[in-house]
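So that we are looking at the same thing, I have put the structure below in structure tokens.
Note that the chains take the letters A, B, C and D in the order they are written out, and that residue 1 is the start of every chain.
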Amino acid sequence: MRVLFYSIQSALKNLWAEKWINLLTAFSVGIGLLILSTFITVTFNMDSVLKRWARSFGIVVYLDDDISAEATDTVRELFKQDADVLEVNYISEDEALRELRLILGSEASILDDLERNPLPSSFELKLKRDLLIPSYVKKKAEEIEEMSGISQVQYGEKWLASLNTVTRIMKASSIFLGGAILIAIIFITYNTIKIFFYRRKEEIETLKLLGATKSFIRLPFLLEGLIIGIVGGTIGSLALFGIHSVLVAKGLDFIPSVRAIIVSIPDEIFLSVPVAGALMSFIGSFIAVGKIRY
Amino acid sequence: MRVLFYSIQSALKNLWAEKWINLLTAFSVGIGLLILSTFITVTFNMDSVLKRWARSFGIVVYLDDDISAEATDTVRELFKQDADVLEVNYISEDEALRELRLILGSEASILDDLERNPLPSSFELKLKRDLLIPSYVKKKAEEIEEMSGISQVQYGEKWLASLNTVTRIMKASSIFLGGAILIAIIFITYNTIKIFFYRRKEEIETLKLLGATKSFIRLPFLLEGLIIGIVGGTIGSLALFGIHSVLVAKGLDFIPSVRAIIVSIPDEIFLSVPVAGALMSFIGSFIAVGKIRY
Amino acid sequence: MIQFIDVSKFYEDVVLKDISFSINKGELAFITGPSGVGKTTLLKLIYAETIPDEGNITVAGWEIRDLKQRTIPYLRRHVGVVFQDFRLLHNKTVFDNVALALRIHNMHPKEIKEDVNEVLKDVKLKHKTNAFPQHLSGGEQQRVVIARAMVSRPTVLLADEPTGNLDSANSEIVMNLFKEINARGTTVLIATHNESLFHHTGRRVIYLKDTAIEREVSG
Amino acid sequence: MIQFIDVSKFYEDVVLKDISFSINKGELAFITGPSGVGKTTLLKLIYAETIPDEGNITVAGWEIRDLKQRTIPYLRRHVGVVFQDFRLLHNKTVFDNVALALRIHNMHPKEIKEDVNEVLKDVKLKHKTNAFPQHLSGGEQQRVVIARAMVSRPTVLLADEPTGNLDSANSEIVMNLFKEINARGTTVLIATHNESLFHHTGRRVIYLKDTAIEREVSG
């Protein structure tokens, strides 16, 4: 195992001899990983926000003003048996008024002067997550409107279209930006290790002629890449942690949904970033060293 | 001017000989610039959104229910003479009711049953932009509340605090992330040009001994850096344009403020990105070539 | 120890054609011939820097033809080479240049230090231990290369124009070194155009001319 | 053409001490002495690869002391050097290696082609025009270096051990080349330990020994 000893010794010596370029490499890797992990966190949280929003999406089915209790039950049963429908909520006239009161807040006092409740009763339907496709929901709404006892069907049409667009754009940009940054990170280490490799090309040629094995030649470079990646990843991780801490401390309650996107962060990511850095950099240096032929 | 001819020839030859590493460099520079320019666009738009939000920030001063017309005028005059106040709007009881009607939309019919208007009249004050500091606004509101004829003063306290935090965080992260990415871009080119420089170190030493001038030695490297930067910048610019076009085409009207952040983009940025790429890469290669001594 | 059977090597032109000879274990022999005749090429075939286009070569029991990429390093550890173009590392001291030949054997640092210091004494370069090659004269560099080739006690020692940079006094020192190494049992093969190296030594000399062996004589 | 006045050069040790001599325009002279005496160092002082610690050097009218970084290249364009360690570029062909010496003068590509081809004919390497240096024998490389030093028609030609890699036949070819260049008016200074190069030539020989000039004689 003296190969490993010599390799580590050589790697550390070379890292130290070129500390600035190595620090800059680690720093660049760190920046890349910081952007990537921030992006992943945002995407991740955004996704759960979207899920929450999707869960809140409901079709409101207003019933005829003069509908009988039996007819209401019939409609409810029909909805309950519908495989597309996840949840059925009945909102009576009184409940509707109570909700309005909540919405009005301090101005609710104006409702005190009402003589009769002008609001209709309604059902709120939640559809299954994967059925929330604009065209499908539209068809569904039209079908329901045809049923007897129904006065009107309402849902956020534009809202639903946007939800779909956002989801799709997010997926596409996750793959695109994530992939691009990963390639860039691999490349940055590749580049640095390639510099070292070229700088020691003569040495490598000579080592080969003196009878050095492939692992004797390669190991120092791979170790250098690995160390650069770990350091870079740690920089990225610390930066992420720092930024996150600042954001949490500032208590951003500006837009609740933005807060949700920024503030919630899985702890694993702080460990994953250095691991990812090490992996990417290792791949980069592996490619940089290339195939050694005698 | 044959120096320039030889330099361009040499630069192009070297660029071609190492096309993959050069493309990857340009690509990484492009990614960096894409992220940077996206970030700048978002910051830029965010800033104007924040400005708009700030403009919409008002202190609502509710007047006593039984206030006389003269007393109202006195209060108005006081506000108009206040140097802190940018704008004063009087909202009568009737106007307040009309606004509520707009807010309620389809459910406004419930207001028809009202016998008398329960809403108070009010003034809406807009403060100067640079006075929107939470502590200052708070003091102001308390002062106004002391005045005669005033029943209550309301403003978005939390909202204002958030506005301030967001503005500050945005400025800090602009500087931090922008600086970091710029350094990374410079470094990426530095790294690649350094590879070429090292690979041709022997050649450079020999050229010096044969009597080559400094510019004969340096120019090819600087040109290579410049070309890499321009190509990288163009990649970044095209990517930005592509992404922007997709977002505009998809007509994201999900959250209007988000739409405003994403969609508005100054045309100059598409030209600035390649120029920035060229500049950064030139700086990187300049540092990489370093001082040449005989 | 070294055996060539009908070996040919072509680059753009034919360089070597149907070369056959064998050097016995413990022998010290010379290869000579005009510039560009293929002396260096012949040595490169022995340590597998290049492979023959025809024929068979055996070195210290290894069949060069059948060598796998993986086993080439192990052959080379048995063959010390004094390269015509030196191949010294400019960023390493004389000590480290010589030590490299032992490090790749994964030898213990302490043993390395002892062996290197001893061999530097042998080539009269003890005082340049910590110098860098580009700070040495051509003749001093030549001797560092010889030291590096010797230090791992190879079974076979190849020397390519080992006195090209040396005056007659230093040439004699170096030749005496080779004789000593040879006396300790190492097979030595020296490529040179310097006839005074082998005149009146009684050693075997292989004359190359126009791609072939012209004659073998005792010098 | 070349004048040394009380020149000294120290590295860790004193290498040259109070050297004075002068080479006239159009002369062909030799410097000799044992390995490590400072021959290469003396030549390096002439083309300003290293600067003297004491004394004054004048080369083709340039005062080496007073040279600015910016003007060093222009001195070097007047001094062709055959380096002891060749300094050929491995990724360039023989043609491009030689052409380099003209490219840095920003000469026209067509002229470059003519001049390079002519000089390669002179050194008998026309057939290796497109070969790469590492594919050449030691002697062939030596001649490429000579071609590169000649091609720009320098005022002064320095040659450091130019026959170290050459057999006697090739040595003669090369020496005749130097005589020819000299006959055309170039001042030539050759450092060598090969006494046969200057014996019976009647040229001036400067003997170096232990940091000083021992004697100057006609060889």
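What we mean here is this: a residue touches a chain if its C-beta (ideal position, glycine included) is under 8 Å from a C-beta of that chain, and two chains touch if they have at least 3 such contacts.
This one's a predicted model, so the numbers in the text were calculated from it and none came from an experiment.
Novice: If each hop has to land on a touching chain, what is the smallest number of hops from chain A to chain C?
Specialist: The distance in steps between these two chains is 1.
Novice: Work out the mean Cα position per chain and let me know which chain is farthest from chain B.
Specialist: Looking at centroid distances, C is the chain farthest away.
Novice: How many angstrom between the C-alpha centroids of chain C and chain B?
Specialist: 68
Novice: Roughly how many whole angstrom separate the Cα centroids of chain B and chain D?
Specialist: Centre separation, chain B to chain D: 63 Å.
Novice: Based only on mean CA positions, could you tell me how far chain C sits from chain D in angstrom?
Specialist: Spacing between the chain centres: roughly 29 Å.
Novice: Going by the touch rule set out above, which residues of chain B reach two or more other chains?
Specialist: none
Novice: Classify the chain contact graph as line, ring, star, complete or other.
Specialist: ring
Novice: Touching pairs of chains, which are they?
Specialist: Touching chain pairs, listed by label, come out as A-B, A-C, B-D, C-D.
Novice: Over in the complex, which chain A residues touch chain B? Could you list them?
Specialist: 21, 24-25, 27-28, 31-32, 34-35, 100, 107, 109-111, 113-116, 118-119, 158-159, 162-163, 165-166, 169, 173, 177, 180-181, 183-184, 187-188, 190-192, 194-195, 198-199, 201, 243, 246-247, 250-255
Novice: Sort out for me which residues of chain D touch chain B in the complex.
Specialist: Going by the criterion above, the answer is residues 47-49, 69-70, 72-77, 79, 81, 83, 87, 89-92, 100-101, 103-108, 148.
Novice: Using the touch definition from the top, list the residues of chain D that touch chain C in their complex.
Specialist: Listed in rising order, the residues are 11-12, 34-40, 84-86, 131, 135-140, 160-161, 164-170, 193.
Novice: Which residues of chain A touch chain C in the complex?
Specialist: Touching chain C from chain A are residues 2-3, 6, 202-203, 205-214, 216, 293-294.
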